[in-house]
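Each of the next two complexes has subunit A plus one more chain, namely subunit B in the first and subunit C in the second.
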Partner chain A sequence: MKSIKRTIKYDADRVQGFGREIMGVTGCEQLPSCIQCGTCSGACPLSIYMDFSPRQVMALVRADFKREVLSSNTIWLCASCYGCTVECPRQIRITDIMYALKQRAIREGVYPKGMPIPVLAREFTRMVLSKGRITETLLVMRLFLKANWRAVLSSWRLGLGLIQTGRFVLKPERIERREELAAMLATVSVTRHAARAAKGRHHATPEQLIAEEVP
Partner chain B sequence: MSASNGNGNGNGNRNGSQTGAIRIGFYVCHCGHNIGAVVDCAAVAHYVGTLPGVVLSRDYKYMCSDPGQELIQSDIREHRLNRVVVASCSPLLHEHTFRTAVERGGLNPFYFQMVNIREHNSWVHNDRELATVKAKAQARAAVERVRYHDSLRTTRVPIQPDVLVVGGGISGIHAALTLGNAGKKVFLVEREPSIGGHMAQFDKTFPTLDCAACILTPKMSAVRAHENITLWTYSEVAKVEGYVGNYTVTIRRRPRYVIEDLCVGCLECVGKCIYKEAKFPDDFNVGLSRRKPIYIPFPQAVPQVVLIDPERCLQVKTGKCKKTCLEACADRKAIDFSQQEELVQIKVGTIILATGFKLFDAKRIPQYGYGLYPNVVTSLELERLVTSSGPTSGEIILRDGSKPRTAGFILCVGSRDTRTNRWCSRTCCMHSMKLAQLFKEHTQADVTIFYMDIRAPGKGCEEFYDKSLREGIRFVRGRVAEVTDWALAPEEEGKLVIRVEDTLAGFVRRIPVDMIVLAVGMEPQADSQAMRRLFNLSCSTEGWFLEKHPKLAPVSTFTDGIFIAGCCQGPKDIPDSIAQAGAAAAECLALIDRGYIEQEPNTAHIHEENCSGCKSCLPLCPYTAISFDETVGRARINEALCKGCGTCVASCPSGAIGQHLFEDEQIFKEIEGILA
Partner chain C sequence: MKYSYFPGCSLKGLGRAYEESLLPVMKHLGVELRELQDWNCCGATAYMSVDEEEACVLAARNLARAENHECLDLLTPCSACYLVLNKTQRNFREFPSVRASVERALATAKLPYQNRVKVRHPLDVLFHDVGIEAIRQKVVRPLRGLKVAPYYGCQLVRPYSTFDEAWNPVTMDRILEALGVEVLPYPLKTKCCGGSLTGTVPQVGLRLSYILLKEAVRRGADVIATICPLCQFNLDAYHSQIEKMWGPARIATVYFTQLMGLAFGLDPRTLGLRRNFVPMKPLPEAAAPSRAEKPNPATAGQTL
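Now for the complex of A and B:
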């Protein structure tokens, strides 16, 4: 039997001020102009898989439904194609709002754990910071292992083909003089810490936040 | 002309009736919270009271109220005031009110100065302390200035009773008829070969569904037959000179190569044209049908006169045609290939602009596929298809000739979009519902309207919306993202697919239809900026002609004597256009029937002792008000012609020209006052 769930929302379900915080992020200022026309959802190539359509996300943010937004798969399915942003009749930078929500979800640790997209973001940054560039094959392997290792098994045929055509290189790529990159990053992170201490943490990108975690 | 004119004994009489010391009365208005919430009015009044010459200084809640005006009048008498300063709102709003109050108190109305501490202060500032400092400086400047004011008198200029109406759409027609019926001579100028405008292209009108032609054509014929209306079609305004009451307008009359008075509209010539088949796109049917080089725009055209398209006619283009049309016209001799463009000058006192709108070009939104998919049409194209006088005799068909079984109406095409037009075009919701009902009636098709918000505030419009719902028209709330012919499902094969989020259901849908109708919005005419310059009007940033006041003067403009009506002021439906046209006509009548224009005495005058007779001012005057008196070798200004533009004042190398209300010492004292 299908379970019946309570769907009513009380005012206590809202996190007052959340909408205003998101609108305060650079690029998200146009959000108050949203007229809920649904062009973003119609233009989105991935909205057909989303639990909330982009339009609904806009409405939820504006109405301070923080938990619902940050736990939705919509913000992670966004492929940053900017189709919605281009077509929005109110010139709302919907993709930027999606980024702001992703940052917020990572910062608060509320994103869906098995979701490959945040894992990809983290692994990508980690590899760039330590090696100076990424090795796609290794990145994909790590993504599979951390997000969904069973998927490796189902993709063996693709992998074999890639190895045979020489597209699957296991040798890690790295830049020379990595110690200089490390020194550079160290100065950046020092200034960033100082800046963040002064400003609060509101405008940190996921990469910045991950950079803090990486020793 | 007025009695006070010409000899200088009327104006410029400094302190003429005043003797003794300057006694200034100062009033600062709270304007409710408008000023009082930001400016400390009591402090301003107290400060101004300490200035030399000020014998009385008050703050009051509403100076423009009757008690406020009464206060000025009784103070003038009791305290023997001989100058008055009021610090309140914009002179545009209440300068006249206060001048009248001053006059009623027994003073010359020009011993008054107004300070704008609302628009120039309280509405644009937040800091109470600084705003109060500024208000004090503004008041001080006026107090310094008003000492040097002169006793002046307004002049009266007679008004030309004839009226020019530009644009022969429903607004222009209604305005012309109203004025004509009131006995005024009207010139109605229309750019197209027939009057009627957009309304002539419509089949029916919402929300009553009465036939557009049946209600419009009687008015069109009435214009043609009216003894007081001179109708010039195929003509444009080329030049406008003069001022309220006395405009000289040059009209460019393009050649139709047909003598209007001789042509009876029998259309024999059209049948006999050397082009056996009509092959040129017909503008009236928005390109859906073809016409010949000699044609009549549409069957009910007014005037019922053919015209020749110079771009298409062999004779006009090359001079080598058998001229079969001439033979057909025979003894009537109405066709005249030697016609030339003609410039006609007319004198009018007032002008009504009713130049209308143009439709948004749907090609600017490529994702809707207009111009790419043949069965994507605009609302005006469908309007022509549905009309019995249209190219298909009222049959709605697809381009391949078959009948559509499903249709989708996309609303807000180009409207409510910051990338194209920000505004709501106001009529498209109702217009689309009307077309949807007609569509269903003609074809029994399944019709869906895709909308963002249904706006049906007009009289009978909400009921019309209800009728649409009850007749089974589907409504999907969502702005269409794209139209494609790429089928992803069997039912989409050979159809146009609309991809849209059904925002009320909460998911994205793909809806296949046979025909798509784009409800294109209204835009200012392409040449609205040129028109604006021609008539010296203001435009909103979008290009709509700007009314003098959005609420209190909706058909007036900042140029006196020029009024606007209909969609050139902004999108509106037929009842609103007609209401505005009637209002504009009434405004003209109010001016005409008073018989004179009262002119601000801001005319320039020459200090003869300083004039060197260099004549440099003469060619500069836009109103040819300056002449040269050879006997004394000095320039002379005709006050009746002077409009107070100040060009000569600024240009005189000897500083010999002054201007009433803007004398040098008044301006310098005002500057000193504000900087002190």
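Now for the complex of A and C:
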């Protein structure tokens, strides 16, 4: 039998405060002014593949439907073409909101199963942290190993082409002052952890409590 | 004319033909480029998805190094780098919290920074600083008869349309016209190529690349000219997969700087043209060279 699904959402499905947290992220302040016109979905070259259109994501975030948004494929299919951001009549930086949602989904590990995009983002970050630069061919090989080793076999033709055209780089690019870069990046995470810890200790307001709710 | 130069990772890897053609073309035009010392990855779209604040710190390290370099204009050929550096400058300007964390990070490396750097794309520099007339005067081998679809992609023109239009940019069109090229109307010039989705979700990403290729073929283009290493890779390297899924749409995609190099009479072997999966067809006049038609460098531009 086909599985039976509820097609409307209950109030209990919402995670109170989620929308407000996202609106608090740099660049996402304009979200409350969304008029649901759908210009973003019309401008988006990928909306035809998305489970929720960009317009729907805006509504869902505002209404605190955290689980639905973070597990949607929409945020991962956004290729950052910024078409929606440029077109939005309310100057909402929709692409930046998609980034805020990606960051949240990665932090909480709730992206859709088998989705290689967040894996690529993580591997990319790791390579930058250790080398300071990206060597694309090495990055792609690492991605294939982590996400889908079968892809290595099916893309032999691509690899061969890269070797023939002299674009296959095996020597990793790296910067000289890697410690300098690491120390700089560390200041961000250190201050952030300190801020979180401070908030957690004092439990100043119920709002902050909600803001810190991370499973 | 002197500029600091931030190549970005792609121009040392998959997009090395871009650098191979950009450097000699700029030199030929008397533009001096000084590569930023010990530059790091800009973070691109991927780092931004993990942590925006750290991404801004990454970009800011390059900006700060440029500010302490001799020239404040930072030439940035890669669209992703161009966007991230611009975005970091905007965040630094608009959000005190970002400014504070960037300054804290830069302080550990003793890099002062005042957000004075101007991030410049080669199209911007060529169009506004060098000028179309100066480019025209360098043309010794006009690319007459070559039909080109100009493709700009997304991130150069959106969301920071600093020197050209968000949906209908024309700076590359004007530069190509100065080379004698027939620039075709190409309404998809700023439609997304699929970005990194071509590798991660091919059935979705490659479709976007296919649409761009097919439209260029349908309009009778000989070649697509682009300004972004990721766009060039997507439109060039996946033809066998695209053909298998949706049928042939075979057309070469080159960097606009490679076409400039050819028109300037620079040695084609030094312009990275051999790095294409789908090679560019021989130039129209090259098939039947005629002494009488050989262009005179002094008058080459006037007939255009």
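In the analysis below, the second predicted complex is superposed on the first by the 171 of 215 C-alpha atoms of A that agree within 3 Å, B and C clash if a C-alpha of one lies under 4 Å from a C-alpha of the other, contacts with A are read in each partner's own complex, and residues count from 1 in each chain.
The criterion applied here is as follows: a contact is a pair of C-beta atoms (placed from the backbone, for glycine too) under 8 Å apart; a residue touches a chain by one contact, two chains touch by 3 or more.
Fair warning: this is a prediction, and the values are worked out from it, not measured in the lab.
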State whether subunit B and subunit C clash or fit side by side on subunit A once the two structures are superposed. fit
Classify the contacts of A:Q56 with the two partner chains as first (subunit B alone), second (subunit C alone), both, or neither. first
Going by the contact rule set out at the top, does A:L185 touch subunit B (first), subunit C (second), both, or neither? second
Between subunit B and subunit C, whom does A:R20 touch in the aligned arrangement: first, second, both, or neither? neither
Touching partner for A:K9 - first (subunit B), second (subunit C), both, neither: neither
Looking at the overlay, what does A:Q91 touch: subunit B (first), subunit C (second), both, or neither? first
If we overlay the two complexes on their shared chain A, which of subunit B and subunit C does A:T39 touch? Say first, second, both or neither. first
Residue contacts on subunit A - larger count, subunit B or subunit C: C
Taking the superposition as given, does A:S47 touch the first partner, subunit B, the second, subunit C, both, or neither? first
Smallest separation in Å between any Cα of subunit B and any Cα of subunit C in the superposed model? 7
Common interface residues of subunit A with subunit B and subunit C? none
Partner subunit A, residues of subunit C touching it in the complex: 9-10, 12-14, 16, 38-41, 43-54, 57-58, 61, 83, 91, 95, 97-98, 101, 104-106, 108-109, 154-155, 158-159, 161, 166-167, 191-192, 194-197, 199-201, 204-205, 208, 237-238, 240-241, 274-277
So in the complex, which bits of subunit A are touching subunit C? 25-27, 45-46, 49, 77, 79-83, 85-86, 93, 95, 99-100, 102-103, 106, 116-118, 120-122, 124-125, 128, 132-137, 140, 143, 147, 157-158, 161-162, 165-167, 169, 173, 175-177, 180-181, 183-185, 187-189, 191-192
Counting only contacts in the complex, subunit A reaches subunit B at residues 33, 35-44, 47-48, 53, 55-56, 87, 89-91
Could you list, by residue number, the parts of subunit B that touch subunit A in their complex? 367, 412, 416-419, 452-453, 477-482, 499-503, 506-508
